[in-house]
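Residue numbering begins at 1 within each chain, and the chains themselves are lettered A, B, C and D in the order written.
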Amino acid sequence: MCRWAAYTGEPVFLEEIVSRPGHSLIHQSHGATQSKTAINADGFGVAWYGEREEPGLFRDILPAWSDPNLRSLTAQVKSPLFLAHVRASTGTATSRNNCHPFVVGNWTFMHNGQIGGYDGFRRDAEMLIPDPLYPHRKGATDSEALFLIALGEGLRDDAKGALERATARLESLSRLKGAAPHVRMTAAFSDGKRLFAVRYATDENAPTLYHRWSEMRRGRAVVSEPLEAGECWDSVPPGSFCTFEADGVTIEPFEPRCLARVA
Amino acid sequence: MCRWAAYTGEPVFLEEIVSRPGHSLIHQSHGATQSKTAINADGFGVAWYGEREEPGLFRDILPAWSDPNLRSLTAQVKSPLFLAHVRASTGTATSRNNCHPFVVGNWTFMHNGQIGGYDGFRRDAEMLIPDPLYPHRKGATDSEALFLIALGEGLRDDAKGALERATARLESLSRLKGAAPHVRMTAAFSDGKRLFAVRYATDENAPTLYHRWSEMRRGRAVVSEPLEAGECWDSVPPGSFCTFEADGVTIEPFEPRCLARVA
Amino acid sequence: MCRWAAYTGEPVFLEEIVSRPGHSLIHQSHGATQSKTAINADGFGVAWYGEREEPGLFRDILPAWSDPNLRSLTAQVKSPLFLAHVRASTGTATSRNNCHPFVVGNWTFMHNGQIGGYDGFRRDAEMLIPDPLYPHRKGATDSEALFLIALGEGLRDDAKGALERATARLESLSRLKGAAPHVRMTAAFSDGKRLFAVRYATDENAPTLYHRWSEMRRGRAVVSEPLEAGECWDSVPPGSFCTFEADGVTIEPFEPRCLARVA
Amino acid sequence: MCRWAAYTGEPVFLEEIVSRPGHSLIHQSHGATQSKTAINADGFGVAWYGEREEPGLFRDILPAWSDPNLRSLTAQVKSPLFLAHVRASTGTATSRNNCHPFVVGNWTFMHNGQIGGYDGFRRDAEMLIPDPLYPHRKGATDSEALFLIALGEGLRDDAKGALERATARLESLSRLKGAAPHVRMTAAFSDGKRLFAVRYATDENAPTLYHRWSEMRRGRAVVSEPLEAGECWDSVPPGSFCTFEADGVTIEPFEPRCLARVA
């Protein structure tokens, strides 16, 4: 279980989300409260959109709390749309290639959760990645595979549907060759314009997902747990797909299961 | 506050102390129980004596729990005398040069604790390091300085006296330019033959220090907290200097304070 | 193109091969003479056999010449059989998981060379790795894939045949979807008892392979280029498979091509 | 001997200097032509001025050519004033704290060269760092010491004089306790408004220093060796102190020696 935070709105310094708040992502890296694993010290990453279509990407394997490069970068760089992640490995090695977010072209993706028994069918999962996208397969995580499969399912044209289909295919593999709980996840991803987030589980224990509009920042934070105690955050119900745009939030049902049946 | 473990006796695989026990040093790296900081993820190190007079030294800045090199090394290497450490930085950077143990010639040293207000008089402290030893000053920690000052005070010929004098000099600086608590420490060090350990504080809160003879291993472990719950460990009282040799343990009073007064 | 060195014989300190000789592997890491790339600074690794059936493995991403852990390890550890490698990436990321040697159970493998156009058919290559071995697929290199495919082809029972079949399958993919030169390689691998090495290319430019018996060490070094200038080294001809055992060297033809045709 | 490049002018992406040119700094990291050491793979760093008074700082110990974070950062970040450095260690460890540039407040500094016999008088050199600046002493390099001593000598108010005095003091130590050549250096440093550079040696072998105005970029690059072959670069003579400002370049004599005599 990892922790993550994303932002969309008026440009702010990355540190406004990553390190400044009382329960900032960096604070969560050594003291998460709503995660099964309190320590998320197996690497971190941040992807931010700037002047170019492709986002910047900075990932390293140190604990986020002790990386001076991360501190300096987040204090200098402003962005209207960024995603940040601290990792608690569920088994795969601590390596930059296994750190979130993952970037392909103008798309970036990060994930928290697990696909039950993934190690037992990783090869089958990787076979679901289309050839043209395979060069982007750099690491060994289920998260990167989910992203690449979703891109293959048409993430660019149909974000919700593609992620449903990709999740359904991995969920089917988990039901066939894996173990319960089959899927527990939150994920956030973006094309540089819209910020998407999903909360989903095949059981009653979907990881938490929150968002909050800040009048002060004129922007919205989307997080795996609130950045400040005592603030009022909107909790997203399980089985939800969220689209965050300038004019607000759209929440639709996220239903990979029905597809899984027909898969 | 860091966590450490040392061993002297019949040769055992390093993992017997470092990773195998239920509350092994690696386990403590993400769940210390008797330390103020539960997480010790700012680097680790192990120094072991083998066929050569100088010990081997392996240090890195990853959390100990996620380093495959450490796992492999401790599974392969046997030693009759070794020291291992997991670090929770009290401010200085996460860098290999700031990781314990420190090695000079055939001597190795590791430390847990703090010298009150050290940042305010680091320069004065480094001035206490004699010129011939100064090339060994690689990092910025109070621990490495204490070691080098003690070597300058004659650690080779009078381990207890030299460490008392070195501690007294730093304690004096802390009283003069630093802040209370002036000294809280445990330390373990060795010349490759004897294993020494000290527990000391200028207040009532000396970090814990334990040791235990294992009939099974025919050796003794000396640790900052017990390696197994339910085992019977001997607790060393504050103000003690321990010498561990084949024929047993010698415990003497450790009294830098009186020296501090006259310093 | 990487550089590597292996040793089998009376136990010697790893440094006898890795760092001591005038043109040691570490020296080659910043000044290889018979390699297209003079600099091999994209990580290193050493696997050594000791008291256990499984070898020790130490890999890191720093240039070999600047890693104090490597220096200390090779100065402390003695082994009768070990493999060491310095890497010059041909494209894949600098990551520990992409560093050689690779280890599966008691087998270890390292490689120098290239499979033409590999990036274009990496997915097909990974499909050749049997399910039971897939969890060992940690990185993205052609080298690790070749090793795992060879294990799947029966490396344990028929080292030469299995590596011929594995090479043939990748060569076929390169002819089908890749580019010339299809295969250029030297490789060394071991089960902890015998040391194997191969030199092979589909064109006239097979990477160099040498070996030399040392009376002084009572052991044999097998290398991608000689460790000392002026010494007399035996050059292995292209298309050779070498088996190094206590009682000497067996050199057989290595012929994956004929198999490739029928593949 | 390291390699470095700096820029002042209209904001450009860092990659315009760091990675894009044919003989960019990253290219020089594995093939410097005017440096005694062709390989500069012992770490790198870049400091850039942005919206804040303090510069951003990104340093790591990988070879610059293989760091994806550096590639992404330099492709995303634009700056009107930045300094970049690739390091070839002259002895001190490969550690982020030993990587250039060094930053104190709004000042940043990088250096190429050596102070003869520095290891023999490092302690004396560090004694020249005033107490208030000592907390900024993070590593062990002569370069960082020179910077901090110069700050202590009044770099803020008298850049040229302060660096002359600091250089003179280290030169005196080298003459007293060190070895010839006593000083060989180029350095670049900035307060966020002006870019300074110096070329100096106590013998005839001052490292090279060049600068060039680009009409296309509307800015000036200052480098240890030209970024493109065939371009026309202005070579700065030895014993020069350069101040680069919007309205052009001021070159004054740099004469620490006379001060060294009276020191």
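What we mean here is this: a contact is a pair of C-beta atoms (placed from the backbone, for glycine too) under 8 Å apart; a residue touches a chain by one contact, two chains touch by 3 or more.
This structure is a prediction, so every number in the text was calculated from the model and none was measured.
Trainee: What are the mutual neighbours of chain B and chain D in this structure?
Mentor: The common neighbours are A, C.
Trainee: Would you mind working out whether chain A and chain D touch using mostly the same residue numbers, over half shared, or mostly different ones?
Mentor: Over half shared, hence same.
Trainee: Please compute the C-alpha centroid of chain C, do the same for chain D, then give the distance between them in whole Å.
Mentor: Once rounded, the distance between the two centres reads 40 Å.
Trainee: Centre to centre, by mean C-alpha position, how many angstrom separate chain A and chain C?
Mentor: Taking the average C-alpha coordinate of chain A and of chain C, the gap between them is 38 Å.
Trainee: Give me the residues of chain B that touch two or more other chains.
Mentor: As it turns out, chain B has residues touching two or more other chains at 68, 93, 96.
Trainee: Would you mind writing out the residues of chain A in touch with chain C in their complex?
Mentor: On the chain A side, the touching residues are 93, 95-97, 119, 122-123, 126-127, 129, 131, 134-135, 137-138, 140.
Trainee: Taking the touch rule as given, give the residues of chain D at its contact with chain A in the complex, in rising order.
Mentor: 48, 50-52, 54-60, 68-69, 72-73, 75-78, 96
Trainee: Taking the complex as given, what residues does chain C use to touch chain D?
Mentor: Touch residues, chain C against chain D: 30, 39, 41-42, 61-63, 66-68, 89, 93-94.
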